[in-house]
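Scrolling down, you'll hit the structures one after another.
You will see subunit A twice below: alongside subunit B first, and alongside subunit C after that.
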Partner chain A sequence: MTRYVLRRLLQVPIGLVVVGSLAFLLIHLAPGGPVTALSGEFATAELRQEIEARYGLDRPLGERYLTWLGAAARGDLGRSYLYKAPVLQVIGERLPATLSLVLPAAALSLLIGSAIGLGSTSPPGARRRLLGPLLALVGHMMPTFWVAQGLVLLFALTLGWLPVQGLDDPRLATPSLFDRVRHLVLPVAALAIHQLAMTALTLRAALGAEVGRPYMTTARAKGLAFPRALRRHALANAMPPVLAVLGGRIGAAFVGAIAVETVFALPGLGRLVVSAALNRDHPLVLGIALCVCAVAMLGNLATDLVMNRLEPRMGLDRDEAHAG
Partner chain B sequence: MRAETGASPRDRRLAGWLGLGLLLPPLALALASLALGKPTIGPMLAPPSLAHPLGTDDLGADMLVLLAQGAQVSFVIGGLATLLALALGGALGLCAAFGGRLADDVVMRAAEITVTVPPLLLAVVLVSLLGSGPLLTAAALGFGAWPTVGRVTRAAAFGLRGQPHLLSARALGLSLPRIALRHVLPAILPIVLSLTGVLFSGAVLAEATLSFVGLTDHAMPGWGHLMAHAGPYLRDAWWMWLFPGMLLIMATAGVALLAETP
Partner chain C sequence: MIGARTVLLSLLLALSSTVVSAQQPLTVVAAVSADPGHLNPAITTGSPTHAVADSLFNGLLSLDAKGEPQPDLAVRWSLSEDGLRARFELAKDARWHDGRPVTAEDVKFTFESVLLRHHARTRASLGPVLDAIDAVDPATVEFRFKRPYPALLQQLDVTEAPILPRHVYGNGDIEQNPANLKPVGSGPFRFESYAKDDRVVMARNPAYFKAGLPRIDRLVFRVIPDGTTQAQALAAGEIDFVGRVAPSEIARLQQSGRATLEDVTFGPGGGNCIMTLGFNLDRPALQSREVRQAFAAALDRRQFVDRILLGHGRVADAPISSGIGWAHAAGTFPASLFDPARARALLDAAGLKPDGEGVRLSVDLVQFASFGRYADLLREQLGAVGIRVRPRLVDPAAMVDAVFRQRNFDLTLVSYCNGSDPEIGVRRMYVSGNIGNIPFSNAAAYRNPEVDALFAGAGSTVDRDRRAAAYRAIQEIVVRDLPYLWLVETDFTVAWRSGLAGFAGWSGQFAERAGPR
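Right after this comes the complex of A and B.
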């Protein structure tokens, strides 16, 4: 077990080096590099040279790559062209807003999605409940930003219950927690609606495979009502696929916040990566990509460990099991 | 993700008809945009009327024509991305299944690494590097989705291992690539093609997101671009917000339901 975790943890830096190297090569081989972005299209040759020298862009590619790799290994991802600050510092400043969006949305979607999944599972032989899954399918297809705009239209503009955008009320002298929560209700809801649909559909499919099992017959024969038997016995067995889907989407959840952060003008990672991409701030784009990948890899590892707890039969070395 | 809207043939047929009904309007719009040409100009922010069935935007452009252009962008980019993911994932999945241990390891590790980069992030990175052309957007979205297809193809091909007809093909002296293409591919094609719905809706949603935050070609405004444009006018022009989203849901849900049917 310890060996397995260590081996998997070791794979994270290796994966990051591969992703980072590929991205580095792409960035530096792409036409119209950062110099044009910084100096404008009509800059003089001297200005271009000065900028190249300042950011070390006049060195040979191999040397730049090794320099970047060495610095990255020491936790230095370079400086952002746009914000004129270390990349990790810029990311650190934007991370809290994204986390306060993504984490509550994940928790809510797991809770509500599970409830819908449980509620829409019917006993074997009974009529199938199709309304729940159909609504969930539509919920999953709705773009988060469209939902977000709809929520703004209803709850902020028409009813006036909640603020339209931002993270704090600028009129307040000191930011209050209550005010912060009020600002986060709509963006969190928009993100959660998208994810809970996925949770509900996956759980319902997994539960559908469990309801016909002998242990469910036994549970009902000894007098448990169907919903109770579902919660007490089938739920734990049906959870691994749900967790696998959630765990596999941790990285995507961070990126999925892009559009919601745009609608609500929140100072998060998603808007940061978009502005960095639009301004060709390559160190920042690369830094954010590496951070999201690291989070995604650690999330996958955590999911595998939790799933192993729930379902020890699966075995940790699944690769070796079906490689032969 | 399979929607599991029903297991009985009747439910499946129902889902298929529903899917077709949902898909037809956006598809018809996409085709109609070839004939509609440039948007006609009317009064600014006019609500839906006979002259402008879906209203006009803040510049007075007819929403119906704008939405038809958006439909074309969505279907072309979504379709291209889906085709690329199917082709790339299918080819690599077959390589993994029939290319020996080393090829299997290489393809599976590559899939693992690709999966850690969310497709949307990959598209953002590529767009920031190479520019925002529609072909590039489609390529980035398709490339991000290949591991799903690759894994399914590989698993399905592994399932056929040791089948008598494959063993006799081998005994007859057929080469592995020929067996993979002529005898395995047709057998697993239905399983692989059942991913079409997920791939297409994923690509269309991702394209809309990119176009919403302004990372696609402004000369070809997609539905996402129209929704972003609706933001400042939410209170005054609900039609600018409502219709792009409705069409997008109809297109993605329609394809997803149709893909469940066979």
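Right after this comes the complex of A and C.
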């Protein structure tokens, strides 16, 4: 087990080098550079050259790649061109907003998605219950910014129950916890609506495979009602694929956050990556790519470890069994 | 006994002060579309920085809604007869936010060490003509010029030339100065805090040198990237000011009844903007004047006003904006040029006959993705006469690269802001010295020695009649040559919460005089 974890941890730096190098190539393949964003309009050719020299943009690409790689290996991701601050600091400042959005949304989608999955699983031979999964699918297919706008129109503008945007009310000297929670309701809901179909459908499929098993027949023969048997016996067996899907979608959660953070004007990582890419803020784009990659890889490892606890048959304890 | 009295007195004082503070301090929340990145307006012309940081600083002069100079740090100014000297007298009680006085040395330092190096526009405009700046005495500064420079007074406001304190910004590399994130200025508001991509908070400067100003206690800038969200937040009363309302949101705000809207021709960092279609004159197919005239005849520019600007603008009836009234040659490029039959005839005459699908000419159009509605209408109207347009909608960095560096485009769409003087925002579009890797300059690669000479003449005299004559001649020539098609003059719509008043939507320092109605 320890050897397995160590091996997986050793893969992280390799993955980072690969992702970092690809991202480096991609961002430099994109036409244009950061100079216009840095100088503003009207910059003369001379001024542009000065700025390029200042940020080392006049050096050959190979040299810049090696310089960046060397520094990154020592944990130095450089300074953001635009924010004029260390990349890790810039990313760290955006983390709270994104986490306060992504974590509750993940919990909510897991909870509601599980409820839909459970509720829509019918006993063998009974009529299929499709309404819940169908609604979840509709929520998944609608563009997130569209869902977000719809929520704002209804709950903020028409009913006036909740605020349109922001993390808190900037007119308050010290924002209360209540105020912050109020501001998070709509963005979290918008993101959760997008995500819950994954949990609902995966769980429904996994439960479907369980309902015909002999242990379910036994449970029901003992007199347990179907929903109760489902929750007490089938759910635990059906959870591993749900967790696997959830763990594998950590990267996707950030993508969903882009639209939600834009519509609700939240200062998170999703918006940061957009503005970094638009402004060709190379160190920042690369830093975000590395961080998201590291989180995704560690998240996958954590998921695998949890699943191994739930499902010892995966056999992570037998070191030779898996290549990861 | 004395002790008891003191206690009583201080208690009364404390009470009265709570009464004062109970009188709700006025916070104004303004929306901005992008994070400023840093708060030093002297080292960039980027509008995200200026939209926020201009409220912390002052220029030597300010500009009124018509673009005419008004006092700011300088209370009096005079120009010499020959146009070679300009003298400014600074306000006696102007102080930096740390309490030190604003001096002529600060002005000299700001221009010489910062603006003429790092502020792209001021470097391009004043750099070549400025001879020296002298601090005559602590309150007097004099600019000396190599030749008369007519647009000087239009280029000294807080957006073009914010003045910085030398004792804060004078040491080391200014790009790395910590004050860029914790600025010290002289402006109506003092910096309080900056949370990136979220908000910048400022407080009233109690020692501001203009008596009775500002009237707002706290000014908060909220970064709200989406135009729809900005309008919704204003309609819901969450914010108080939107500097640039998207045309599609104007009707919604008017209906909400909670906002006051005003059209202005100026915004911080640019004004008198003309949405302009540029031809790449390096492309053989576009080198024929008849072909370019066909484009002009194919476009019904009134549709751009009606369908895209929703009435918030005008057909551009001359190459120079009507906002610079004395230089604008009205009617030289009239809306009545629209004549699709003539467009087809011109294309026929140029030998561009329709092929099997009715296509005479196929061109690409490289432009900002954010101007997508223009691309749709251009494609529709040009398509009607057999010119097929393939839009390439890209982000700003890619557009600058394709158009100005690689010159890989047929048509491009640029919002050229003329500014308050043709010397600032018109000359750069036409003079041959501005062809090349200079963003938003001579995109067409237009070369005409006569036009070059006329601009040189108009830019080196302060005689407005002579200048007006030169600009009229230039406009007649470029309308004949058509390196560009001037589509529409675009207005900015500013909106603020009803109940407030005094916003200067055209200025970087928009909140200096704002307050309760």
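The rule is simple: the second predicted complex is superposed on the first by the 287 of 324 C-alpha atoms of A that agree within 3 Å, B and C clash if a C-alpha of one lies under 4 Å from a C-alpha of the other, contacts with A are read in each partner's own complex, and residues count from 1 in each chain.
Everything below uses one rule, namely that a contact is a pair of C-beta atoms (placed from the backbone, for glycine too) under 8 Å apart; a residue touches a chain by one contact, two chains touch by 3 or more.
None of the values given here were measured: they were computed from a predicted structure.
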Partner chain(s) touched by A:M198 [first = subunit B, second = subunit C, both, neither]: first
Subunit B versus subunit C as contact partner of A:C293, first or second or both or neither: first
Touching partner for A:Q149 - first (subunit B), second (subunit C), both, neither: both
Touching partner for A:R280 - first (subunit B), second (subunit C), both, neither: both
Subunit B versus subunit C as contact partner of A:T262, first or second or both or neither: both
Which superposed partner A:M141 touches (first subunit B, second subunit C, both, neither): first
First (subunit B), second (subunit C), both or neither touched by A:A23: first
First, second, both or neither for A:L186, with subunit B first and subunit C second: neither
Which superposed partner A:P133 touches (first subunit B, second subunit C, both, neither): first
Set intersection of subunit A contacts, subunit C complex versus subunit B complex: 30-32, 149, 152, 157, 262-263, 278, 280
Complex interface listing, subunit A residues touching subunit B: 15, 18-19, 23, 26-27, 30-32, 128, 130, 133-134, 137-138, 141-143, 145-146, 149-150, 152-153, 157-158, 198, 201-202, 204-205, 208, 245, 248, 251-252, 254-256, 258-259, 262-263, 273-274, 276-278, 280, 282, 285-286, 288-289, 292-293, 296-297, 300, 319, 322-323
Parts of subunit C lying in touch with subunit A, wherever the complex brings them together: 27, 29, 34-35, 37-38, 44-47, 49, 118, 120-121, 123-124, 175-176, 180-181, 195-199, 201, 220, 222-226, 228-229, 232-233, 235-236, 238, 269-270, 394-402, 405-406, 428, 436-441
Residues of subunit A that touch subunit C when the two form their complex: 30-34, 36-45, 47-48, 54, 82-85, 90, 93-94, 97, 149, 152, 156-157, 160, 163-167, 169-171, 262-265, 267-268, 271-272, 275, 278-280
Residues of subunit B defined as touching subunit A within the complex: 1-7, 11, 101, 104-105, 108, 112-113, 115-121, 124-131, 158, 201, 205, 208-209, 212-215, 224, 227-228, 230-231, 234-235, 238, 241, 244-245, 248-249, 252-253, 256-257
